[in-house]
Amino acid sequence: MFRAAILNVTGYAGAELARILALHPQVQVVAATGRSGAGKALSQLFPHLSHLSLTVAERVEERVDILFSALPHGASAQALLPYLESGVRVIDLSADFRLRDPQEYTRWYGIEHPAPAFLPLAAYGLTELNRDRLRGARLVANPGCYPTGAILALAPALREGIVEPDLVVDAKSGVSGAGRTVDLRYHFSEVNESVSAYGLGGHRHLPEMAQELASLTTDGMRPRLTFVPHLVPMTRGILTTCYAPLRPGALPPGEAGRRALRDLYQSFYEGEPFVRISSEPPATKHTLGSNLCLIYPTIDAEGERLVVVSAIDNLVKGAAGQAIQNMNLMLGLPETMGLEALALFP
Amino acid sequence: MFRAAILNVTGYAGAELARILALHPQVQVVAATGRSGAGKALSQLFPHLSHLSLTVAERVEERVDILFSALPHGASAQALLPYLESGVRVIDLSADFRLRDPQEYTRWYGIEHPAPAFLPLAAYGLTELNRDRLRGARLVANPGCYPTGAILALAPALREGIVEPDLVVDAKSGVSGAGRTVDLRYHFSEVNESVSAYGLGGHRHLPEMAQELASLTTDGMRPRLTFVPHLVPMTRGILTTCYAPLRPGALPPGEAGRRALRDLYQSFYEGEPFVRISSEPPATKHTLGSNLCLIYPTIDAEGERLVVVSAIDNLVKGAAGQAIQNMNLMLGLPETMGLEALALFP
Amino acid sequence: MFRAAILNVTGYAGAELARILALHPQVQVVAATGRSGAGKALSQLFPHLSHLSLTVAERVEERVDILFSALPHGASAQALLPYLESGVRVIDLSADFRLRDPQEYTRWYGIEHPAPAFLPLAAYGLTELNRDRLRGARLVANPGCYPTGAILALAPALREGIVEPDLVVDAKSGVSGAGRTVDLRYHFSEVNESVSAYGLGGHRHLPEMAQELASLTTDGMRPRLTFVPHLVPMTRGILTTCYAPLRPGALPPGEAGRRALRDLYQSFYEGEPFVRISSEPPATKHTLGSNLCLIYPTIDAEGERLVVVSAIDNLVKGAAGQAIQNMNLMLGLPETMGLEALALFP
Amino acid sequence: MFRAAILNVTGYAGAELARILALHPQVQVVAATGRSGAGKALSQLFPHLSHLSLTVAERVEERVDILFSALPHGASAQALLPYLESGVRVIDLSADFRLRDPQEYTRWYGIEHPAPAFLPLAAYGLTELNRDRLRGARLVANPGCYPTGAILALAPALREGIVEPDLVVDAKSGVSGAGRTVDLRYHFSEVNESVSAYGLGGHRHLPEMAQELASLTTDGMRPRLTFVPHLVPMTRGILTTCYAPLRPGALPPGEAGRRALRDLYQSFYEGEPFVRISSEPPATKHTLGSNLCLIYPTIDAEGERLVVVSAIDNLVKGAAGQAIQNMNLMLGLPETMGLEALALFP
């Protein structure tokens, strides 16, 4: 059995790590910290985790094979520094090691990067696109929930060069994406029965998306990218609708083009255990609690624009599930181990 | 008192007409038909309408000053024909008189138009953009819910020529937009806690939007238009997020451009009782039960794309409320009469 | 025009008072205070109130005909003292003047009553049961949301003596009943898709219910009363299911008993504009945004127990609407003035 | 590997059986029938089941070790007859074998029982209370969702004789409890943001509850029982609040009584893997997707009435999960096998 620890188990991503790892046959969570609730039994804070006999600690004293951090940005890199220096394998679910450029980090997060020396070592944890580097990584920057949905949706089209690098990403997220933060904006009565856009001035997942999408374009240039996230009255799930102009002639006209597009996506993701090209526009519900990403690529009615819709569970493929997928790679375990749960429907 | 009748009061749009008109000081509903429920008291079918002492009839026998049809397309034009011929003022909430070209109608609705002779007489009922024609109209084609939100959001930008005619309209609708149709797709357990896209092959509101947006462009040409509607787990409300490339130089760079954009929208809708340019991205909840359209125009983080978000209640400004706004114009009443209700919040 | 002021307009009950009074033809809100947001325009805090040109003040300086307090208990009586002493008509939506016995108040609210001298002057504002006293009242204790639903449901049965005074009140409330308090318990992700009971150790509405129900029993004795409130994933509405053993012989057996019961309820509430005996079990949705209380009395399948279900909108009949109903009485206006809105459905 | 088949996999209970069994290490679903969708791949009907390569068949031709029926009552017993006669182990999730008395069956279900000869052989599948009989059973009548929640909540109190046999069961269910039936009553727009009671004239789970509760009373007499189910705007979950007068002197007064009660429940369910006595009133969300039943027993504020709240996932412990728990017993497997999933939270 490998030994794992979770920093900040008391947020949604941390609790989800604990929930999924509870049934992992080769990994055991031996320690967990929490910003609130130190000293309490985990089962007191989260009734659904009462099988686990963990006590929330102030710090991890145990020797571990793998360390997850679900701390907020800034605090995360700070807390991880000693572990990184001692060579423990680390998966950081915060944003701290996602942007390669520390100045970009400062621009978007408003602080000096706490551990810039480790930035070059960080592997970006979008498993399907970076598997080889992840296998040997000591430090994984687990992707943001929005970038996961958007990049998986756009990667085949960008890699194959069938679209202009002029992208609109319109994402709809459940409220758990905002974390367990107590704030009037997430009060049930304010959010329920309502949809709204936010982050229009520039959401922090925008530079992350732009950086990773750039590495997928045929010329390596950053695409023109507009990203608008929306808050939707549900708990889990992100549906991402992506738009890009088709390169003239890149695909045959009419339905043949839609079929060619679908084939292109099918081959791109062939053999991927957690990506499925669906034959109907997916609903986020079809991913609830699972590590799946469902992708539906098509061409709009006028035949000139690519439209790709992807669906994930923001706490699983968009956070804890993908982190465990990466952990499996890093530990040399089968990639799907512990992640077999089917989506809960209805 | 003016006398009104409603064809098909037993759907959501019809019932909403009855609900709003119940408090209208100058108009009385004297008759209402229903596809189901003929012979029953309206209060039996809709407990919230039990103040009204209407019986659902097979047909309207009464003389009326204004006739609303909330019948489905096809059936609506068919049923309206005799009234149109006899010169009764008609407001059709179905799609039958929205497309000016009967061949386009056939293409999208799959049937011959039942009353093509009346198409040239129909005024498109997007009140804010067509007020003069509506005042004298005998036949009003009340707009679809999606076109209402999209056109109001895009009209100022198109009229002022600040964007390229290359539009993405990503709309998120509550489930009542699908009507009272009994279908597995709208079963609570299937829709709840889920977001999905639909109509990707071409939604029927697309040609309507395209037709009306064309009349707003500086050159009268149809814009390139991609429209993707989404189903969101709430009952009422449509949030529409519109994207278009800014014409280079059309607005000053940076925040000055955002202010100029906002001023442009403010002046375009100056004095409009039911359109408000909001200073924050609007939530659909802020329109619940009211005839308001809230609009938030901005420029994306990269400074190159217009993003406009609008919010309406699909059953009010997107259907019954706008119909009554048009009725007020047609009858020479103050445009806001009976439509003063503030949104229900929270 | 009468002049009104609202203390603490920034909570849900206060905002609902402002919303309803905005359309009242004889009353104008001339001042409003807020615990947060003093100095801000009301429209900034509540987009749905942007028609109103009120600025949130620290205190009410204006002369008013009627003063509403939507402050929390304790703070409310404190703030109202000077107004009460100067003879202004006051409607207190807090719990401060509901319990007649100041010791009971201290027991349940944990503080000394701030204005015990005024307790004897307070009229309990359950309009239908106390209309005569309310007409001349200077101080009205507006009922709690749960007591409103429960007392209206049980009053006819208790007054007519058809049940044993052995009551179970099982209530299901939307989340807005908890107010605009920012708390993890009301975070969307924690409340959504979940039902739970709370207040099992004794909810503060229990002694209020018990006191008022005692005045309805044939012998004036307090009934044995168990009250369990539940939190339900919706914004507005309370459904109250009440249970009591039928007195043997009080009603004929079988369906005849159910009809007699229904008749008894019908006559008890005959002519009441805001109470309706419904022929089917009501849904809270049928009261959304309206001042209605729907009541469905029946006898259980075994024929031995009364079951009464009532539905209200907790913010309207359960708070602001009933307060305005009382205001109308106090000011000599028609009781229904400004409260004509039909429920919003769906 | 044991071989299983599912009759009517296309409803919610059937699909949930398939979902849970997909990960069962010792049982494989080799065949499944569906009322609709025969000939289609299961993955086409249910995207969340696309891992499974089952085709929906008209009938089960395969030899199986265990047969589940998720058919509606009437149809179920009919379809099961040949299998029962041939000695296949059967778990019936319909109501057909729950009532021991065929006349009672006819009274509540309106039809002659299709297989009365097998009634005496049926073991009632409330696992915790009937484990010994279930182990050797060939025919298990899997309990209704409401009876599961109510009986588990009341069993310890009835068995220990601490309450009078005078019970009120007030249950709140998510909409999936109504099945996948397409009906206006379950249309999202009608159910959402609303709570209502139903089945007041006598729900079909009432006689089942009464029969089983009778076997738990100290004298074996049927208790006086009032049962009112409610529909709550969520997909899964049942919260059941049960009320019964305490027998005078059965428990010590005050907090000591509450502790004694809790101890009594703790020992009653000691060692049960799927029942947990919770220290706070449970939320249905804490059982989502898991086979747990959470129970919170207490005494009301006046000290005279037992109040017990239980929470289950209606499709798991209330249907498919409990069926699999029973299957494990029947096949001699560990009772928890395949049912280890923790609840999905949030």
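Note that the chains are named A, B, C and D in the order they appear, and that numbering of residues resets to 1 at the start of each chain.
As a working rule, contacts are C-beta pairs under 8 Å (C-beta built on N, C-alpha and C of every residue); 3 or more make two chains touch, one makes a residue touch a chain.
Quick caveat, the model's predicted, so the values are computed rather than measured.
Asks: Determine, among B-D, A-C or C-D, the equivalent of interface A-B; equivalence here requires over half of the contact pairs to be the same by residue number.
Replies: It is C-D that reproduces the contact pattern of A-B.
Asks: Taking each chain's centre as the mean of its C-alpha atoms, give the chain farthest from subunit A.
Replies: Looking at centroid distances, C is the chain farthest away.
Asks: Name the chain pair with more contacting C-beta pairs, choosing from C-D and A-D.
Replies: Comparing C-D with A-D, the pair joined by more C-beta contacts is C-D.
Asks: Can you compute the centre-to-centre distance for subunit A and subunit C, using the mean CA position of each chain? Integer Å is fine.
Replies: 46
Asks: Would you kindly tell me how far, in whole Å, the mean C-alpha position of subunit D lies from that of subunit A?
Replies: 36
Asks: For subunit A, what residues touch not just one other chain but two or more?
Replies: Residues 12, 174, 176, 189, 192-193, 233-236, 282-283, 286, 288, 346 of subunit A each touch two or more of the other chains.
Asks: Which residues of subunit C touch subunit A in the complex?
Replies: Where subunit C meets subunit A, its residues are 12, 174-176, 180, 182-184, 186-189, 191-193, 233-235.
Asks: For the complex, which residues does subunit C have touching subunit D?
Replies: It is residues 166, 168, 170, 172, 174, 189-190, 192-198, 200-202, 206, 224-228, 230, 232-237, 239, 241, 243, 245, 281-286, 288, 296, 298, 300-302, 304-305, 307, 309, 311, 346 of subunit C that touch subunit D.
Asks: Within their complex, state which residues of subunit A touch subunit D.
Replies: 12, 15, 19, 22-23, 46-51, 176, 192-193, 235-236, 276, 278, 280, 282-283, 286, 288-290, 294, 340-346
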